[in-house]
Each structure stands twice: as structure tokens, then as C-alpha cells.
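Some structures are shown below for you to check.
Consider the two complexes below, in which chain A is the common component and chain B and chain C are the respective partners.
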Partner chain A sequence: MTTTSVERRTVLLGLLGRRIVQIPVVLLVVSILTFWLLQVVPGNPGRNALGQYATVAQVRAWNHTNGLDGSLVGRYLHWIGGFFAGDWGQSLVYSTAVKELVIGRLGNSLLLGLYAFVIMVPVAIALGSAQAYREGRRSDRAITVGLLSLSAVPEFVVGVVLLLVFAVWLRVVPVQSAADASGDFLDRLRVMTLPAVVLALGYLAVLTRMVRSGTSEAITSQFHRTAVLKGLSPAAVVRRHVIRNALVPTLSVLGIYLGTLLGGSVIVETLFGYPGLGALLVTAAERKDVLLLEGGVMITGAVSLLALLLTDICFVLMDPRIRFDARESR
Partner chain B sequence: MTATIPGSAAPAVDSLQADASEAAPGGSRFRSLLRRPSFIVSVLIVVWWVVAAIGWHLVGLQPYAKTGELLASPTWAHPFGTDNLGRDMFARVVAGAGPALLIGPFGALLATIIGGALGLVAGYYRGVVDTLMMRFFDVLLALPSLIFLVVLVGAFGIGPGALILIVGILFAPGIARIIRAATLVEMGKSYVTAAKLQGERDVRILFRELLPNVLPNLVIQATLSLAAAVFITASLSFLGLGSQPPSADWGLAINENRVYLQTAWWTVVFPAVGVASLVVAANLIADNIREVSR
Partner chain C sequence: MTAAAVQVDDLHVSYSTSRSSTEVVCGVSFSIAPGEAYGLVGESGSGKSTIAMALTGYRVAGATVTAAGLTVAGLDVLSLSAPELRAFRARRIGVVYQEPARALNPTMAVGAQVAEVFRLRGDDRRIARRETIAALTRVGLPDPAALSSRYPHELSGGQQQRVVIAMALAVSPELLILDEPTTGLDARVETEVMALIDRLRAELGFATLLISHNLPLVAAHCQRIGVLERGVLVEHGAAADVLLNPEHAYSKKLVAALPDLAFTTPRRAESPVRGATPLVTVTGLAKSYGGKRALDDVSLTIGRNEILGIVGESGSGKSTFGRALAGLLRHEGQVEFTDSFERRRPARPLVQMVFQSPDASLNPRRTVRQVFSRSIELLGGTGTAESLAESTGLDPALLELLPHELSGGQKQRVAIARAFAGPVPLVVCDEPTSALDVSVQARILDLLQELQERTGVSYVFISHDLAVVRRLSDRIGVLHEGRLVDLAPAEDLFTGRVDPYTESLIASAVDLRARAAAGS
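Showing the complex of A and B:
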């Protein structure tokens, strides 16, 4: 672990350069795929939007202004051109601009996702490292089994049970979490706590597992034994030798989950009536709101890819041994 | 499990099971499965739901008719209470096994077939096909899976056939990756070289030589994706993107009845127990198979 900061910066810049090319390409493929898949949908969007009393000419004009006539390729180019220019079209269901709608909901989802993340990470680290230090004992097994069965149960079941306990019996939180911006910050936080906890619980098992295996690897290694034998205090051993090595494998999982959490968690948002991006996309799919769905998918894709990039950067900063060429050529 | 691994049976046979050493590796593995209580209980739960799904109308249950008071709490006549339309919750929970078990198994089967075939082909031919396929899967896996699912629902709709196809498409890439990795390992072994030198046709090598050797992997993936498929279809019904009223589907029931959570918890809790028991049991079966086939 003797890489100089110059070398590290080269790795970081190389990584950034590669990702700056990669992310738009992936997003472009996602956009083409989504567009193509959604155009398979039978039905005339203009007719759906205007209702059965509109004339044929009106429907045709509506389709034209929304870029929904002409060939598939032409329509795609029209849409993607508008997308980059900041015009994401009109939502059929909500009759407002897709962009404002998606960005607004994204903000709510990000807030909820971050809250869940803040709950999840310390708990996972505490549980996982506690397990590693008592590996093989009954408490270790019990935590593993408990968390795994929790993650096997669908989120809406866990959510219902928690709602029953905390909202119906104890009455500490409301049943509906339709947090509007008018409430003050603490009020909002109270409303969001239960959804965030449910969200966090679903991912806790795998994350704890990663922390456990990372920590257990670190504390059975030679360098750990050396550190203990040379008389470092336990706190110093943990701080200087265990934490870094234990958290590196955890980061890769964290990156994937961060993307999922931030991109809106469809189930939790629907269950608690939370106005997030995931719930919006479900409505869009249900009502065949093509433009809204496309805009939302692009944003979700972008957020997850950026979260992965963030993880990669943390990787380089935390573990100088990592060379990204090795990871790319799996 | 009936799969035997001709070349690599040794690691699978547990040295503790001396009494089973006479049997084929597949047989002894099956017997060690039967000694696991969690496996037996899980199988019993799944069998119970399968029986319920097929047999509920034979025993005179009425999940769609008003048979009692509205939102009546559990009594002897209605052990799980009644819902907002006076329908017996017990009958609805039992009948709800039908939709839960309709999409998942067929979707998982489709995913296993598509994923297995693609993985074998990618691992066998490598080169451009392999690279293109894997990069394409990377793109698919970059999207959160429920978002991908929502797009597919938007495209194909929510009929049972469409949902089976959607589950198949959703799980195939993951299976293909694992089978490709397993195929790459097998490709390094001498029996593949021997088969090639003998001039066997590609199709024969793929399906007669390689497939039997990656089959244990495929079986594990199939059971794991079965559990995940049941999970996903329940989630979709909960979102209103699966079964439609008046279906007795569990996910749908939880969504419909959650407004009554404060006054009639039984309308939500019993369907929830239904989903949870089926999903956890399917997961435990997959875990047990994976553990004994190590």
C-alpha cells in the first residue's frame, strides 16, 4: 500500500475519462431500447389523450406536435433531440411537462433513498463487524438467519407489519406518508422514517454479509496479527488496519444499492403513498404514458450509473491496490 | 435432483454420509436433502400452496361471493374474517395461491431455458457474440430491475402470457452470465477437446457434452429464479400491474385492503402471511439444494 498520490490521481483520471464515454453510450442504448419497446404498444396516443370526441384531424395534429407521428426512427430522433434540448414532452396523464414532473419526484426519491442509506449503512457495519468478531457462535448464525429471512419477505409485507405496529397500535407515525413540502423539516422526517426503514431492511442482509466477510478476512490476516502483537491498542488496530480492508468489498454492493435506492423504490413509495419517482413510473406504465415513462427511465438510469461511478471513485480513494483495467476485463 | 456430474462428482459427496456411498452422487445428494428439516418444511409449504391452488374449488370454498358481514373479525365461521365486500378471507387466501403460482414457475422455466441457451452459446463460441451479449446484459443490469420491469409491463401489458414473458426476459441475463462462466470452466477440460477432435458437431457438443455438466448450476439458478419470480409477481400485483380484481391474488389483496389496516388488520395480514410463506419456502429450497450440491 505505498502508492503515491500522483499515481492515484492518474488512476482516478483514467477512470473518469472512461466512464465519461461509457455512461452516455449506456444511456443511449437504454433510451433506444425503451423507446423501441414502448412503441410496440398498440393504440394511438393522440386518441388516448384527446378522448373519443376529437376529430381525426385534431388527433393527427396532437400526434404531430408531440412527435408521435412518422417513422419509428424519425420519432426517436425527434424525441432524443428534444430530450437533450431540455424539452421532454408533455405527460399524457398529468398534462404537465414531463421534465418538471420527473425532476420534482426525483428530489423526493433522492431524499427518501438517502435517508434509508443513512439508516442502513451504520447498522450494517455494526451488525456485520459484531458478527465477524464472534464468527461461528450462535449469535452470528442467528443474525444471519434473521436478516436473510427478512430480505426474502417482500417489502410490502414487511411494510404492512411495521405499519400495523407503529402506525395503528403505537400511533407514533402516520399511516400515509404523502409528505408535502409545506410541513417543516422534522415533521417530514417523522413521516419518512417508516418508509426509509422498510427500504433499508430489504438491503440490510446482503450488506451486513459483505461487512462480515470483509471484517472476518481482515482480522484473520497476517497484518492484523502483526499489529496486535506489536502492541497497538485495540482501537488503533481497528482504525488503522481493519476498517479499510473490511469496507472495500462492501463498497461494490453499496454502489448498486445506492443507485436502486435513489432511483425510487416503486414498492415502498406505493405502499406508503410517498410521491416519489418509482410510484410515478408505475402510473406511467399503467396508463401507457409513453413520454413520461421514457423520461423517467432515462433519469433513473442516469442516477444509477452515476451512483456506480461514485462507488468506483470511492474504491480508488480507499484502496490504492485497485487497478480498473483488471475489473473491466472480467 | 437427478443430475449426476460424470467428471466431477467427488466434491459433492459428503464424507460423513458413508451409508449413502453405494448410491450414485445424485441419489446421495437427494438423501442428504431429505435429512434437512428446513428443506422438508419448505417443500411441505410449497406443496400445500400447490394443492390449494389446484384444489380450492373442489372443497366448496367461495372466494368471490358475499358470505358474511362486511369487515367481520375472525370467528369460527370465517377463521380469517371477511373483507370489505363480505367475502371470506380464508377462501380468498387459499384461492390466492392460484395466481401466485401461475406466473412464477412458467416465467422461471422460460428464463432458465433462454438464459441457459444464451450462456452456453456465449461460453462456447466466445468472440464477438460473447462480448456483444455480455455488454448488452451489462446495460440491462445497470437499470434497477423493478424499473426495467415497469418498462416491460408498459410494452407488453399485464396478461398472464405477457407476465410470463416479462419474468423470462428479466431473469434470463443473470442466468446466462452464470452459465457462461460455468461453460468457460468446462471448456478448459479435455473431454471438450476430445469431442472437438472427434469431429462432433457444435450442437452435439453444446447439448450432449456441455449441458449435462453445467446442469447442476442450471438447476440451482432455476430454483433461485423461481423464488425471485414469485416475489416479483406478488410485487407486480401489489402495484396493480398484475392480477386485476376480483382476483384473490395476495399482492392485490394487500394493496386493496391496506386502507382498512386500522379497522380490519386481518384483511391484510393473512394474504401477507401467504406471500411470505411461499417466497421464504422457495428461497429455502433453493438454498438447501445449493448447499448439498457444493
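Showing the complex of A and C:
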């Protein structure tokens, strides 16, 4: 209790300290790359906005009014200054403030992502551990084959099939998931269920395999034998000696998935007409809406990095052996 | 007459897969009286651990256990129901395992793991904690209250094993099963751990079943011994008798294969110039892990054609030294090769390593031929995979096999052959034989010696086994807490004036053999 918890607190504080420095640096680099890359891709935002019949002069004038001419560095500095001051600029495509647009969509994406995550994790743990205890048996192989086939089918196919069954045929959910935020929460959840399930299915196979191998490793380990030979009941063996050790390797994947899920998914959002971040960012990139893209990328980047930080913290809490310094290996 | 602590009659254990069934224990019978120390000796695969697991009623997947009688502490183990079996394990027996680091749950504080046993007995949290601290005190652990909240990886190997012993003896079992309890430990720690078990046995009166491949160890700590060969008990009797006058051919082989501390190599006398010209100069080699000094200002030279033995306990820095030499670690200080090697063109590796566990050092998905061809290419060798196999005593038919299809000794031969695939001036052997059975160990040492004589490389031979090091080395360096406390020609170290630490190291090795011979 004494020394160990102090050491662990030191590890945690060190980790937090490092991340507080690292996260803004990573975001800064990402924002620079985004800004620059968008200029490299062909296309002209003025032309996009005004259409093919506008004259060259009109396009140039439009670009000028929207601050799209001048040097790249100057424009970037102008944007980043505004960003930190809370002015994220105007979206060219939607003609509204980027900040409101992104934050609104972020809320939707977080909700959908969390929902998918909450569905996915218990299912993966249940399936994976059940498989580990049945390793090599027919049910183990059946689950593996089923999940891998499912993950090999593209999201839009799974989504369309589910839509056909549940929305068109059984009519338990609407076809469109663009629920208005004014509806009550349960109603909103009901509407979001299908997209969340489709999202979750996409990652389920890999996660289940991770849980399976982690559990399998824990129950074939020597400390598992020690626990059994102590005379502990099977339930106590699982609770005290298996769970924690089995989930440690899964945790790293979970963190990455959490970040990805929360950042929105283009396919699922498009398919179900769900107003999330993913589709918004694709539109922004297509139409060269720099400011919208920058705002969105910064936000999804921050969400992913925070999800990873959360994972690292969980690591420290779950596994006393974790140290976050890479000094020893080369 | 009191009932025996263990009564085994005609025990058979076989492992079956979907295709075949192999009998690993064939009709073994023995008994252990209450409070008696009984030892089972055999090499890996002899079925000794399987017997231990059978006594605990532990079912390995695919194993079939049958016996005319299997009674432990008055209970017929094979007929116990699941709850009865749990109660039996919790109260009547204790087990100490080969690798304490793996036998302990890495994510649970050691105190909690010991306390579990008391909780199982029905103690409440407070009493369990008190009893845990008492149990840790009994096995001689320093500052048990603080230690109980530490995790296994924060303890040394010896401390970990003490925790496992405390756990096994927590509720005064009638039988303590020791399955290779000191195999991963140094000679000194081994002596301490075994002395602890002997003392506790005298105090608490439990019977012990000591299982080991180490014949002198078993002989020194057991009253009676059984020798197992491929699942058959080929010989049993009083400890000293078996060690000094083995009757069965296999027991004789085991005894003969023991490396002896009194062994002197004749070749050393023939070539007095060995190591005269320096090959590598090491100056101020140091390495810290976190704040801990693993290697502290080590300076020495390794001569051309020389075998330099490095001994020390685990944690003494001997492996760190080897890894630093091989360039596997960032370190402070200099490792300089003689000019002619530094300037060699094209640049080729100057150091190769042979590791303790060939399982971990060979790529499981590459055949022996692939390993050899790649090594020959990388080290600039001129031979072929076949010639390499031949020079290391490997049947060329093995070239197409994967590592898991080879025996332990064959795998280590592959790992050694790899290091000799090209002209490399220095080979670092880090405990190359400690994962092997004694009879295999002797042949691997012969191979290393032969290769050295043929190719004229220099060895740095790292081991915790003084007998092995003495057999091979020209000079021996002793590392203690990262410092080089002694460096002398091998003979001088055993006869001359040495550092007090070296003396204690030698004493504990000699002591074990002396006691084994005396037959405690």
C-alpha cells in the first residue's frame, strides 16, 4: 500500500505531465500538415462555391473576400491565432461559424461512438472469454469464423441488411437516424441503435480475438495453476486471477477504437443519414473548406489523443509493471 | 503405525491427443512417511512433474490418470468431488513451483496472494493480513509488512520463491510438493531456500516431495530418492546410496554427467599463450537501470583465443555485461576491439551471442536451414548450411525442421552453430546450458570447447554454475552488485586468496556437493 501506491502515483503524474506537453505539439503538427496538404490537392474553393459559369475574376474576388489568397504561412498563422482565441472562422460550404458546426456534430459523434463502444465491449469480452474457455472446440471455431466473416463484409452491406430487416420489414426503427435533439433521450437511443450496432460490428472481430488470446494466455499461465492449486473456487480464480491479466493486452486496442469511434464514421453516418463529424469532414475536404476541415481535424485529433491518454491511465491502474519510459530499449 | 503421507500404487498417466496417446508415467509406486523428505530425480520429460500434478489432483487437458491407489494425507485423490478436491488443496497440501516469477500473479500484490489462502480458511480480512505478515516473517523475508504490498516483479527471484513457500505452508499442510524449486536461482540463494525448507520441515513436521533434475541437490535434502527415466522408477533407495553407488545404468549416467568442481581441464596446461594478445579492451563499462547501478565501472581485457568466465548471482550484472559487450545495450564506458578487427572490410559483426533459452532466441517460423543460410550471409561465412550442421554435430536431416520439432539440446546446438556461421572474433555465451538437462549440458559444453579450439574465437562465458565455468574458463571474473570483485586465472580462484564474496560463492557450491556426498 505504502511504497507501491506512491510509485504508481509518480508514474501517473509523470505520464500526465508528459502528455500535457505532447498533445498540443501533436495537434499543432497535425494542423500544419492538414493546412498544407489541402493546398497540394488540386481544386479551387472559389470555383467550387461559384460553379463553372463564374468568370476567373469573380472566382478571384470570391477567394479574396474569403481570405483564401495570400501566402500559406500568413494564412495559417492568422487561422491558428484565431483558433486559440476562440474564433475558428466561417465555413465556406455551410456559411456558418465552424465552431458551432463542429461542436454540434461532435456531440452527435461522441454519443453514437460511446453507444457503439458500450455495445461492443461487453459483447467482445463475453464472446472472447467464452472462446478461450472452449479453445479448440467447435463453438470456439464457429464464433471465430462467424465474426471474421462479419468483419469481412463492408459496413454498408451490413448496414443495408439491418436496415431492410429492422426498419423496412419489422419497422422497429426509422430508416433515417437524423433524430432531432429535441426528442426525449430514449427515443434518440432507439433511433441510434442501428448505426451503433453497425459501427460496433466492424470492430467486434478483432476485439474479440484480443480478449480470447488474453484470456487464453491467463488461463494457461502458471499463476492460474497456482490459484487452482490453492483450492480457490472457479469463480474466485476468474475474479481474482484471470480478469485483470486477460484484459491488459486488450486495453491498447480498446483505446485506439474508442478514439476512432468517437471521431465519427463516414460510411455509417452517410448510410443512416446521421449528422456526425465523419461526413462533415469528408465534405470539407472535398470542397477544400480549409477552416472547417482544420476545426474538425483538431477536434477529432484531440478526442483520439484523450482516448489514448485514458487508456494509458487505465494501463497504469491495471498493471503494476507498466512504466512509461522508453529509455531502456533501443 | 501411522498412515503414510503419500501412498502411490501403480500410477499411470497418459496424454492423448486426437491422434495418439503417450504414456508418460508407467506404473510408478512409492510412499512417503509423515515428515519424511522424499526426492524424485529425472531429466525433463521423465514424468516427474506429471507425478507431482497427479498428487494434487490437477488435471492437465488430455491427461488420463489411473492408479491402483493414490492416497495423499489419508484421502483418495482420484475419487474426490470438486469441492472436496478444493478443500484438500486448501488444507492438506502446498506446492512450490519451478519459476516463482511465473507462479505468482503479476498484477496482484504478493501479500494479497498469500492472504487468499487464509481467507479461504475462513479468516476475516484483518486476521488474514496479520497471518500473512507472520507467514512472510517465518520464511525470513525482510520487513514483511512493507513487502506484502509489493508486486512480484519488484522482488528478487529468491524473495519470490520465499513468498511462494509462505503461501504453500500458510495453513500447515501435511505434504509440501517442491517442483524444481531452485532451478532458476543462484547457488547461494538455492542453498538459502533449501535450508529454509529443511528448517521449516523440522519445525512444522510436514512431509516433502522434492522433484528435481539436480541429483546432488535432491541427495542433500532428501532421506530417500527415486530415479525416474521416461516414466519408470528405475531405482530407489537411501539418498547417499543412490548418489555414491548407483545401480541402474541410467542413474550411473546421471551421476557421471555431473560437472565436478574438482574437474581440471588438461588442455589448459598445453597452451600457456592463450589470451596473451588482447582482443577486446573494456574500460569503465557501466549501466544503470533507473537509479539502480546494474554494472559499475568494469574494466578488463579479453585476450585472443581466451575463454573468460563470468560468474555471479542473478542481479549481479553478469547478463548486463554480456549484453553490453555484444552492443545490445546502451552503456557508459568503452568496448574496443583490436585495430585489425575494427578496420575489417566489409564491416561484419564482431560479437555473436548464445542465449540461455534457444526457444526464445530462435525464430519459431524459420527452419534450421533458413537460420543457417541467413547467418552465413550476415556473418560473411564461407560454408554451407550442411557444413555448419556437420561441424556442430547436427544431423543434416534436421535442416528442414522448425525449432519446435527439435529437442532442447538440438535447439541449443542450432543457436550455437548460428554464432559460428562466419568468422567472428568474440562469442558471448549467456548461461548457454542452464536450461538443459545435465547429460545434454555436458555434450553442449564439449561442443563449445571443441568449436573454440577449432576456430580460435574468444568466449565470454556467463554462468551462475561455478563447476561449469571452471571446467571451461582460462580466467574467471566474479561480479557482485555490478562490480568486478575478482578476476583471476581459474585455478587461482579456487585455491588462492580471493575476495570474501567469491569465497562465499565457492563455499556454497562446494557445500552442496559435500553434503550430497555425505548424504544428509
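We adopt the following convention: the second predicted complex is superposed on the first by the 294 of 330 C-alpha atoms of A that agree within 3 Å, B and C clash if a C-alpha of one lies under 4 Å from a C-alpha of the other, contacts with A are read in each partner's own complex, and residues count from 1 in each chain.
Everything that follows uses one rule, which is that a residue touches a chain if its C-beta (ideal position, glycine included) is under 8 Å from a C-beta of that chain, and two chains touch if they have at least 3 such contacts.
Keep in mind it's a predicted model, so treat the numbers as computed, not measured.
> Now for A:57: first (chain B), second (chain C), both, or neither, which partner does it touch?
Neither partner.
> Tell me which partner A:235 touches in the superposition: chain B (first), chain C (second), both or neither.
Touch partners of A:235: none, neither chain B nor chain C.
> Figure out whether A:244 sits in contact with chain B (first) or chain C (second), or with both, or with neither.
Only chain C; A:244 stays clear of chain B.
> Could you figure out whether chain B or chain C reaches more residues of chain A?
Touching more residues of chain A than the other partner does is B.
> Per the contact definition in the header, classify A:186: touching chain B only (first), chain C only (second), both, or neither.
A:186 contacts neither chain B nor chain C.
> Now for A:267: first (chain B), second (chain C), both, or neither, which partner does it touch?
The first partner, chain B, only.
> Which residues of chain C touch chain A once you look at their complex with the stated criterion?
56, 58, 86-91, 93, 95, 97, 99, 102-109, 116-117, 120, 146, 149-151, 153-154, 164, 167, 289, 329-330
> Under the stated contact criterion, what part of chain B meets chain A in this complex?
Residues in contact with chain A: 136, 138-139, 142-144, 146-147, 150-156, 227, 231, 234-235, 238-241, 251, 254-255, 258, 261-262, 265, 268-269, 272, 275-276, 279-280, 283.
> Touching residues of chain A toward chain C in the complex: what are they?
Residue positions touching the partner: 1-5, 221-223, 225-233, 240-241, 244-245, 248, 318-321, 328, 330.
> Looking at the complex, which residues from chain A come into contact with chain B?
Spelled out, the residues of chain A in touch with chain B are 26, 29-30, 33-34, 37-38, 40-41, 149, 152-157, 160-161, 163-164, 167-168, 175, 259-260, 263-267, 270-271, 278, 281-282, 284-286, 288, 290, 293, 296-297, 300-301, 304-305, 308.
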